[in-house]
Amino acid sequence: MGAPFTADTLQGPKIDWFALSPLLVLLGGAMVLLVGAALTPPWPKRWYAIFTAKVAAAAVVLEVVLWHRVDDKGPTTLVGDVLHLDKVGLWIAITICVGVFLAAMVTDDYLRREGLDGPELYVLYMLAAVGGIVMAAANDLIVLFLGLEILSLALYVMAASHRKRIESQESGIKYFVLGGFSSAFFLYGVALVYGGAGSTNFTKIVAAFDATVELNRRNDALVLAGIALLLVGLAFKVAAVPFHFWSPDVYEGAPTPVTAFMASVGKAAAFGAMLRVLLQALPHWSDDYRPVVWLLAVITLVGGAVMAVVQTNVKRMLAFSSISHAGFILVGVEAAAHHGGPSLTGSGVSSVLLYLLIYSVLVIGTFGVVTAVGRTGDAATGLAGFRGLGKQQPVLALGMTVLLLAQAGVPLTSGFIAKFGVITAAVDVRSYAVAIIAMVSAVIAAFLYLRIMISMWIAEPEAGDDAREPVRVPMLLGIAIGLSVTFTLVIGLFPGWLIDLAP
Amino acid sequence: MIEFPILTLLVLVPAVGALLVAVISKRQPDLVKVTALLTSVLTGGMSLWVLFAFKSHNPDFQFVSQHTWIKPWGISWHLGVDGISLFLVVLTGVLFPLVIAGVDPHHDHKRYLSWMLLLEAGVMGSFISLDLFLFFVFFEIVLVPMYFLIGGWGYDNRVYAATKFFLFTMVGSAFMLVGIIATAVLAKADDGRVTFDLIKIAENATFAASTGRWLFFAFAIAFAVKVPLFPLHTWLPDAHTQAPTGGSVILAAVLLKMGTYGLLRFGVYLFPEAAVWARPLFLTLAVIGVLWGAVAATMQTDLKRLVAYSSVAHLGFIVLGTFALTTTAITGSVLQNISHGLSTGALFLLVGMIYERRHTREISKLKGLQKVAPVFAAAFMVVMLSSIGLPGLNGFVGEFMILIGSFATARWWVVVAASGVILAAVYLLWAYQRVFHGEPDEDNKAFPELRWKEASLLLPFLALIVFTGVFPKPMLNRIEPSVNKLLDHVEQNSDWQQPEPLEPVISEEGEG
Amino acid sequence: MIAAVATPTTTWYLLLSAVLFTIGVVGVMVRRNPLVLFMCIELMLNAVNLSFVALARRLGDIGGQSMVFFVMVVAAAEVVVGLGLVVAILRRKPHATTDDMAELKG
Amino acid sequence: MLDLVWLIPALPLLGFLFITVAGRKLGDPKAGYFATAMVAASFAVTVGVFVDLMSKTAEERTHVRTLFQWIPVGSLKIDVAFLADPLSITMCLFVTGIGTLIHLYAVGYMHGDSRFSKFFLYLNLFAFSMLMLVLGSNMLVTFLGWEGVGACSYFLISFWHEKESAATAGKKAFITNRVGDWGFMMAMFFAFWAVGSLDYSVINGAAGGLTKTTATAIALFCFLGACGKSAQLPLYLWLPDAMEGPTPVSALIHAATMVTAGVYLMVRISPILEVSSSYAPTIIAIVGAATALFAATIAVAQNDIKKVLAYSTVSQLGYMFLAIGSGAYTAAIFHMVTHAFFKALLFLGAGSVIHGMHHEQDMRRMGALRTLMPITAGTFIIGWLAIAGVPPFAGFWSKDDILLFAYDKSPILWLVGLVTALLTAYYMTRQVIMVFYGKARWHDAHAEHGAHGDLVEGARSELAPHESPWMMVAPLVVLAGLSIVGGAINLPFSHNTERLVSWLEPVVVVHESTTAKLPLALVAIAVGLIGIAAAVLVYAKHKARVIEPQILADAWGYDRSVSNFMGGPGRKAFDGVVWADAHVVDGAVNGVGALVSATAGKVRKLQSGNVRNYAAAIGSGVVLLLVWFVVVRGML
Amino acid sequence: MELFVFVVAGAMVLGGAVGVIVRSHPVHAALSLILTLFGVAVLFVAQEAHFLAAVQVIVYAGAIVVLFLFVIMLLGVDNAEDLRIEPFKVQRPVAVVVGAGLLAMIGMAIIVSRKATVPVVTQSQAVQDAALEPHDSNIKALARDVFSDHVLAFELTSVLLVIAVVATVMLARKPRPGELTPLEPKVGAQ
């Protein structure tokens, strides 16, 4: 017997488990659901959804608790300085969990209606949420990348999860190919920045560039190229023109609840990541990327709005409108970039966060209605599907109207508050041009909301309308829509407290 | 001290009414109607109370109520009435019950009424809000009910008209929103923290000339669309023609006034320097509008469209008066807001009644109605003459004040605009002749005479038309002080001086 | 000749990886078979890995290598998912190329 | 009594209101009598006021009675106030006086009309407006009346609106007047701008302080207004058409009262006219003279009994403006009064004839009526002598007065006036002969012309021409009397006999004529007689060929060419605007929309649905970003 | 020597890569991929990343490519893809331009910054000691780095793998009979 094998002890970073609790809860929930559902006979109706909603709710609660902790102790970083525990991160985490909460309820009846059994979709929701939260809280490029991959992979699968609709699978594979493509670019960007800065950790990166007295361009060509590629990855995720092409197809093809999830959670996480990367990791380079963000914002606003005009499928319309919304948020990001980082403060950041939360709730509600109207087969999402909704389901139609008006940014709805915040931020930093463009493109976008409202309320019924399967509004879906409408109106009337909260 | 929040109620009561109507079950149509009517009547009553409690010869805002609304953005629920807005509020308050009681939408009463009440709340709000943000909220929210009224209860081409109306106006508001925010943000520099309070900004903030002009235009575009000022007027004929009678009445009587009112309250008051600077442009557009509208009206074949174009002409006069920047002219404009509301509103009612009877608005299809319905014709005649601006009726007073008041500061524009008076006679008399004179043909023989319900609906209009024409003094007493205050503000904040009122020179030797 | 040239520096490796990456990109654009598309993406990832390792060496930092480690896991997961998707869709549309998967458009 | 001046317009207004409410109940003929009573009452009041004024010294003969503030804003202080002074009261006297007579006449004339009460409603409203016009102490109240009478004449001309022509005529009258009103408004604006008030007292008082240009502007703009109201070139067009209205209307509005409003206005502001540049009065005089001659020539060839009188009215009004232009304001008023007498008389006579002829208006179908309607004929003949300028009838004195001042102004104007007088005598004689003398040509009339003209149900029964009822004849007699003695109010023999002049002196500028009056008077008489003689030769004795060239019958084609222009190029221009509105202005709006959707249509092609294209798009995006970062930001 | 290795391996890498995108037959493409992967592994070794080299060979060349081949065979999609024709005329030109641009830009960046001052990187203590050890320092250092500084990332990879599992469960599950109506293969754009 030779010398006894001795493993030398490894000094891991100290881990603040409570700070990670939201992540753990979601993970745990996912595991329980996955394993539990696998081992036990199929759960009764609605249980999967309710379970997921409860998990999300629990996560929200924990995040709120953490919020207060941050209020007291101030922001910190976790697990060896790779995760942030700050209000921005928590805000987006909350947004994401709210998204999961609502999306789960929207999904419930849908799955039964479409005969797509099984809890996997919910598992993916929760896991994707983990990825999103990590993205938005990351303080390290590689962690951020992993979060991004978790979210993306989950989304690819979800998009393709409607086994009976070939469109669903097509959208899944499209999303996958383009997603992989762009994340490869992102990764390359990470590599180049790593090469230029000597680390992937935001804190270290900032430190490195603080050290270099004056930014010598020749030295930092690598970093610049890296930033470009990082931007590509992020722009793809937020579906900014011209990296938006995937989104209309995927939104249309994916099962409607999943579309809702993408539009809310996906966007929130992606913009969180964008704020982190641009403002927190690369504040020194704001002069370099701000013009790009400006341009992206403009073409995204206009492009999204204009292209929506000619669409006839509501899911597709909403896809383009969500592109246009992304443009609005980019305006906020641009404004935030004026303040510079690495601390995430200023009207720009808060306007972006406000917009994200409001829009997430809004868009899930909207797609919730589309889910109901899609009817069995999830195919009746054309404008025709909405014809006469005002007569058959006046309440539902009214809710949809409120949500659409909010998306159009009509006052007394949350949508207006969101736009107002972003425009204020933009005007604050004197970028009037982009503000005007944003508002005008909002008008163009309004046209498509009007078209939906027209077919709901005004359009004359046509032959065979009565033969159509009636639109059902099951309980959970109804609750979800109701919640989002209520939120929309409440925030529209009394936004003060929310604005106060926004960091 | 806590005084009765009358203005807040002016907004809330109809809003609540709208909700009530919306929640009441479809199966009780009568209950729906009663609720709607009661709330609107209540609102009207309150507006009248405001009118009587209003202290005349007092230039300041009255019944002011101010509460913080969105603290972080310095936005407050700030309402107040002064001479400029007073009568618009009253007009709104009085008009809605009449329309709700008198005009039948024929289907979906529940939705119709609830939109109507929401509309009333919005209009009221935009006339009494003294906070830029608040004003914008109301200004914008008005679009929604109007959109649905046109789209839901309008005629053949309603979707196009409604959409056009919505988007056209929204483009204007888009600029105004940015303007509002920019104003507040820039004003912050002068007054510690950001505020959207109209008075605070107007009194404290000072903008660089160029900035002020940009901001002014951001506002002016929105209002120019709303007025509508040539060449941004083309949404109006479509909207009017397609809107249901009730909608047209409201649209003409109060909605358009949000534009002229806005120009005065938020254009001239906030940016005097810019307003003075932009005078020539607006005067010119206004005058073009007067002639253009009149000429276009002359050749219309659709009675409603004709009236719509006449609105373009009339509002041209109002804008002319606004930018003449003299006490007389602006007071005239404010008065003309009301007069036009009355006469054009009544005209639309009458046209609506004709449509109810004949299911056409084509002038060529109508003939000799005066013979079969003399009373109806008489009513139409009176309203028409007031619209033509016959002295002794309301239309004349405002128009004359505008013209004579503007003559000193905008002579050549007046010289041209006055010829609009001739054209007014042309298009209305011609239309009247074609519709009412001659021997009625087969289709028109059975044209029913004015009914009591309709008569009682028209009576208030006629009464006000005559009263305002004969004895406008009480109105002027309430309007003028505020106008003077406004003009003082303008003169202090710009190089503008309105010509001194001449002292009549009595030369000794009577003949030269 | 060759001896005259100095030993390959990091830059060489970086350039090599850039070329490899580009080839991957071009591949994604020109190939129609979904599987080959995935392979091209793998090429891109490998190129990145190469850069990571090269840069890690230049920086004398092991971190770069752990990046590669993670990237490999990601790549694996991606392939699994991707192939899953392909299986799912090709079951419905045998022999479909990406060009055939263009129902959603406009 | 003076403070009751407001009663003068108030009473007809009262009548109007009462008839509006109770007219139908009163019915035919009570409503008519009621209306008549109202006007009569206001005549009584007027007389009272008149007496009151007479009792005062010349200086105090101006009294202002303010009722209430109308439009008090800023420096603009406009009251509803009445000005009782010799000028206005003179007007009131004959407005109310003749008004009463014509009301009475109308009771008979309109008997049996379906809208009997409505007619008197309008008539009273007219009386009210006319009196407002006259009594207004500031331009705006005058304008109120001014527009009011315009509206009433519109109502009354198109009273029988079932007739296309009537409706059109009414509209034409209103719109043409509006053109004049534009001038009136301009005058007001200038006056207010220059003087800061619209009160006649202030304006006239300040006349001395005005610059020539301002004064000229005010004067000429007022004259433009007057041209509209008083049917002068080029705006006279509406008056002949106005004959579509019932004959009492023609008599009251389009002969005696309303059309003289322009003259009244010019006299009102005579001080301004005095201080304006010399060309202003000249222009007025020329326009007046031209109109007088122009209309007279046309009257020569008219066959419609009322058309002749209409053109004659235009011509006489021309006379009055000639007077004003020549500075003979009193003469203008004088002629206005006398003209009111005999022209009203003539119109009512014509009405009586038409009534008797069952609404036949074509003189060629009349003749020899003097036997059948002796009173009408007798009175008509008096009127004829008066207008023809035969002494001692009223017309002679006033016309003579005008010619006198015209001669002062310029012999040419005098000559024009003279020729007009000749023609007047000629065509009036022609009319008298055609209607009352010669052989009866009316037997064949009814067959095809039964329904022609004014549709009065009651008068359908009898067939033969007949004398009219008393309430129609009585006014004729009264007016005939006035036409005979009317001249007495202003006889040119001495200052004492020039009562009107001395009466108006305090308010109206009075010039002294330097020319010898007698010779001119003799010439005028001679000319008048020649005219009569000529007509007699042509139409009674048939010694000479009838000269009625088509061009004259067609009113020199002026009216036609104007309406052709309106219907042609004018309408085209309007259509052009409408086209532009739809295609240019609105076209731009819709164009934007079309553009957006077109672009969208193009862009959506990029959304090909093919992954590889999307990848290419992303790739290009990458390259662009890299170019920006690496090249633009990194190298440059 | 190192130069030689670089050239050879580089040749393998590029050759393989080119092979992947020009060989019309997917199987051949997969095989050329293996070539590339091996080349990369060799370069790893040259860069003193021995552990990664091993993983590269085992995981990539071993597992992943085999997976590819397996799927190809499973689905029988081993039909050659005709690369001579290109339905989208612009596609290849664009591809070339993009490729050229990308290469040019990144290459430029790399070359420009080749003389850049290398930032100083401070390793965590554990990693530093590991680096000093005589043998398998690379593995130790890597392990320490992964499990200390990047422990969270490491844990996240597990989530990734869970998702992969769920994905396969969801996507590759056999459809119930009659659940899916097979669509006739659509001929592509050509």
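As written, the chain order gives the labels A, B, C, D and E, with residue 1 at the start of each chain.
Heads up, the rule we're going with is that contacts are C-beta pairs under 8 Å (C-beta built on N, C-alpha and C of every residue); 3 or more make two chains touch, one makes a residue touch a chain.
Just so you know, these numbers come straight off a predicted model, no measurement behind them.
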Show me the overlap between the contact partners of subunit A and those of subunit E. C, D
Counting one step for each move to a touching chain, how far apart are subunit B and subunit D? 1
If you tally C-beta contacts per chain pair, the winner is C-E
Looking at C-alpha means, what's the farthest chain from subunit C? D
For subunit C and subunit D, what's the span in angstrom between their mean Cα positions? 97
At what distance in angstrom does the C-alpha mean of subunit C lie from that of subunit B? 66
Distance from the CA centroid of subunit C to that of subunit E, rounded to the nearest Å? 4
Each of the following residues of subunit C touches two or more other chains, namely 14, 21, 24-25, 28-32, 37-38, 58-59, 61, 63, 66, 70, 74, 77, 81, 84-86, 88, 92-93, 98-99, 101-106
Subunit A: which residues touch two or more other chains? 142, 146, 149, 153, 156-157, 160, 163, 166, 173-174, 177, 181, 185, 192, 198-199, 218, 220-221, 224-225, 248-249
Which residues of subunit D are in contact with two or more other chains? 604, 607, 609-613, 615-616, 619-620, 622, 626, 630, 634-635
What chain-chain pairs meet the touch criterion? A-B, A-C, A-D, A-E, B-D, C-D, C-E, D-E
Quick one: in the complex, what on subunit B touches subunit A? 69-73, 133, 136-138, 140-141, 143-144, 147-148, 151-152, 158-159, 162-163, 166-167, 170-171, 174-175, 177-178, 181-182, 185
Which residues of subunit D touch subunit C once you look at their complex with the stated criterion? 604, 607-612, 615-616, 619
Taking the complex as given, what residues does subunit B use to touch subunit D? 164, 168, 230-231, 233-235, 292, 295-296, 298-300, 326-328, 331-332, 368, 370-371, 374, 385, 390-392, 396-397, 400-401, 403-405, 407-408, 411, 414-415, 418-419, 421-422, 425-426, 429-430, 433, 436-439, 470-473, 476, 480, 501-512
Help me check something: in the complex, which residues belonging to subunit A touch subunit C? 142, 145-146, 149, 153, 156-157, 160, 163, 166-167, 169-174, 176-177, 180-181, 184-185, 187-188, 190-192, 194-195, 198-200, 248-250, 252-253, 311, 316
Touching subunit E in the complex: which residues of subunit A? 10-13, 27, 30-31, 34, 78-80, 82-83, 115, 118, 120-121, 123-124, 127, 130-131, 134, 140, 142-143, 146-147, 149-150, 153-154, 156-157, 160-161, 163-164, 166, 192, 196-199, 208, 211-212, 218-222, 224-225
